[in-house]
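To keep things clear, I will list the structure first and then write my remarks on it.
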Amino acid sequence: MGPRRSMRDADCPYIAVCGPDPASEDAPAHAEHVGRLLADAGAVVVCGGHGGVMEAVARGAADRGGTVVGILPGADRREGNEHLTVRIATGLGELRNALIVRTVDAVIAVSGGFGTLSEVALALKTGVPVVGLDTWELSKAGRALDPDPIVRAATPEGAVREALRLAGARTRDRPEATGGRG
Amino acid sequence: MGPRRSMRDADCPYIAVCGPDPASEDAPAHAEHVGRLLADAGAVVVCGGHGGVMEAVARGAADRGGTVVGILPGADRREGNEHLTVRIATGLGELRNALIVRTVDAVIAVSGGFGTLSEVALALKTGVPVVGLDTWELSKAGRALDPDPIVRAATPEGAVREALRLAGARTRDRPEATGGRG
Amino acid sequence: MGPRRSMRDADCPYIAVCGPDPASEDAPAHAEHVGRLLADAGAVVVCGGHGGVMEAVARGAADRGGTVVGILPGADRREGNEHLTVRIATGLGELRNALIVRTVDAVIAVSGGFGTLSEVALALKTGVPVVGLDTWELSKAGRALDPDPIVRAATPEGAVREALRLAGARTRDRPEATGGRG
Amino acid sequence: MGPRRSMRDADCPYIAVCGPDPASEDAPAHAEHVGRLLADAGAVVVCGGHGGVMEAVARGAADRGGTVVGILPGADRREGNEHLTVRIATGLGELRNALIVRTVDAVIAVSGGFGTLSEVALALKTGVPVVGLDTWELSKAGRALDPDPIVRAATPEGAVREALRLAGARTRDRPEATGGRG
């Protein structure tokens, strides 16, 4: 009953893994490894449910018996990749990117297209920590943001470690962390 | 691996169970029984994640090892009841009612307040079958709708049987049922 | 500059007018008259932007030089009827019904299909007053709700008078009514 | 009737102007000038409705008799700045950023925080042209995107000229441009 226990626990971390579809180079392998590590750590993985990085992270997490939620842009649950264990068909199109960010404690961005960039930006705007693995760099007037708002990781192991640490710190800091309805 | 198998299966039915918080009279007992029966049938239960009928159906489904998704109106996952196995914190308020309806194959309405009525209406508007157990009756100009767009059930067993039947018929009738991306 | 003045005023009433597309019998004529009266009163009319009652109310309001906002379900502004003065293309499908309700001070339901019913229900759930003109009647266990949560009107004039009265009362009762950021 | 004519016309351009609140340096003056020019060109201005760049563009557009729509994150219309001529209170929080992008033909980003970055990203993802005035620069692996997906402008005049040009080209290219329901 161990896995079910953690699945029911309202305090287990929820981590979004964002990235492009299709994905190239190391991104799918990195994402799959991230998925495995997150599942092993008892985290719920949230993703956009499509292919590329989203499919790779889902495959990794599902292979370790983890929970992988796909928050889909379309209105048909079947549009999601085959590894998802829970499918939410939103019909919201790209608005669903904000939902992915909203329900998690931290975001891991693996590589990334413009959809990923929107998720990174929404997370930074709303105070959700972002860990990046070969992802976007942000600058204005020719100068990189300093300090960098994205925590950079060099490996899947580093990305998962940082995401879980930041998710834990954020949860502890929330004033209502000891109470709540649920 | 039996339960995990059905959880991964994109074709297992998703059934929303809607009802008021707080709930009175028979509604909590009915909802809990509905939750048990849906979990036993391998369906994913979707609800609004709060108390009353939503908590009762979650308790029933979770006690049988089922998957219960709470699509919460607020932005904090912890606001959901303790029986949920997956929590989506939307921050959408009552707009989340439409998301609940959108991701399922059928809706079971148990008793009901105005939130439930909105879910029933959105389901009927978008062609999602609705099964009612002691729920709203609709009329215009003093005459009940004929035929009644809500399939009435007298017991939890009847409600679940009808919902699964209607969900199956709907899935089979969708033109894309044999293909799809996922 | 009189009309522009009221358009800029954050405190002018916003009234949603909801109803079916297509509409039959008296509904289009009633809706058009409601639109004229609301525009004459300086209210901003909000509707779903399509045909039937939505087109009739837009025509009435636009003919009197009023502002008519269409909150459209699709992602293309051009799907709205020709009388709208402002078009918001949401791409949200029926989720947009909740947005219509959220931004107004009162709802007038003229006749009605299931979409209208969802708007009535969401308004009642969130405390937005609802005035009905030949619209839905709600009952449970064979008994009509008592008191009726919908304020019934017999004529367009009565519907507009009640909606403006209820909108005004609601605005005055809001604790922040004298301050606010804007 | 000139201004009303263009307001009713479904084909007048809708341009979003995005930027931070608070705004510093040249951003407010630039935004106000952008607002004036857009109103003079008969465009409908869409913004997030708050302060900073959003307030400055609204002031500029309203001073020229233009239409300025504020799509607000909160559920109270009065949270918008005083220059808005139409207020949509969404209660969606940062999800409303995607609505701003969805309803327009082009986006002008003036300076920018993370909210602006999310709007730029969502526009680029969904094919809505983006014109930048002292806004974000995007790079990966230490190299700026080439070609730059953001059309850079050096002045408010240049930004408005490019946005109107791109909006017009986009509208003409849409296959349904000659038909449509509205």
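Think of it as A, B, C and D in the order they're written, each chain with its own count starting at 1.
One rule holds for everything that comes next: a residue touches a chain if its C-beta (ideal position, glycine included) is under 8 Å from a C-beta of that chain, and two chains touch if they have at least 3 such contacts.
Just so we're clear, the structure is a prediction, and the values are computed from it rather than from any experiment.
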item	value
Partner chains shared by chain C and chain D (touch criterion as defined above)	A, B
Result of counting contacting C-beta pairs for B-D and A-D, higher pair	A-D
Greatest separation from chain B - chain, by CA centre	D
Separation of chain A from chain D, taking each centre as the mean of its C-alpha atoms, in whole Å	29
Chain B and chain D: spacing of chain centres that average the CA atoms, whole Å	39
Chain B: positions in contact with at least two other chains	75, 91, 93, 95, 99, 102
Touch list for chain A against partner chain D, complex	93-95, 97-99, 102, 112-115, 117-118, 120-122, 124-126, 134-142, 149
Of all residues in chain D, those that touch chain C in their complex	4, 7-8, 10-11, 14, 44, 49-51, 62, 65, 67, 69, 71, 75-91, 99, 102-103, 174, 176, 180-182
Complex contact set, residues of chain B against chain D	75, 91-93, 95
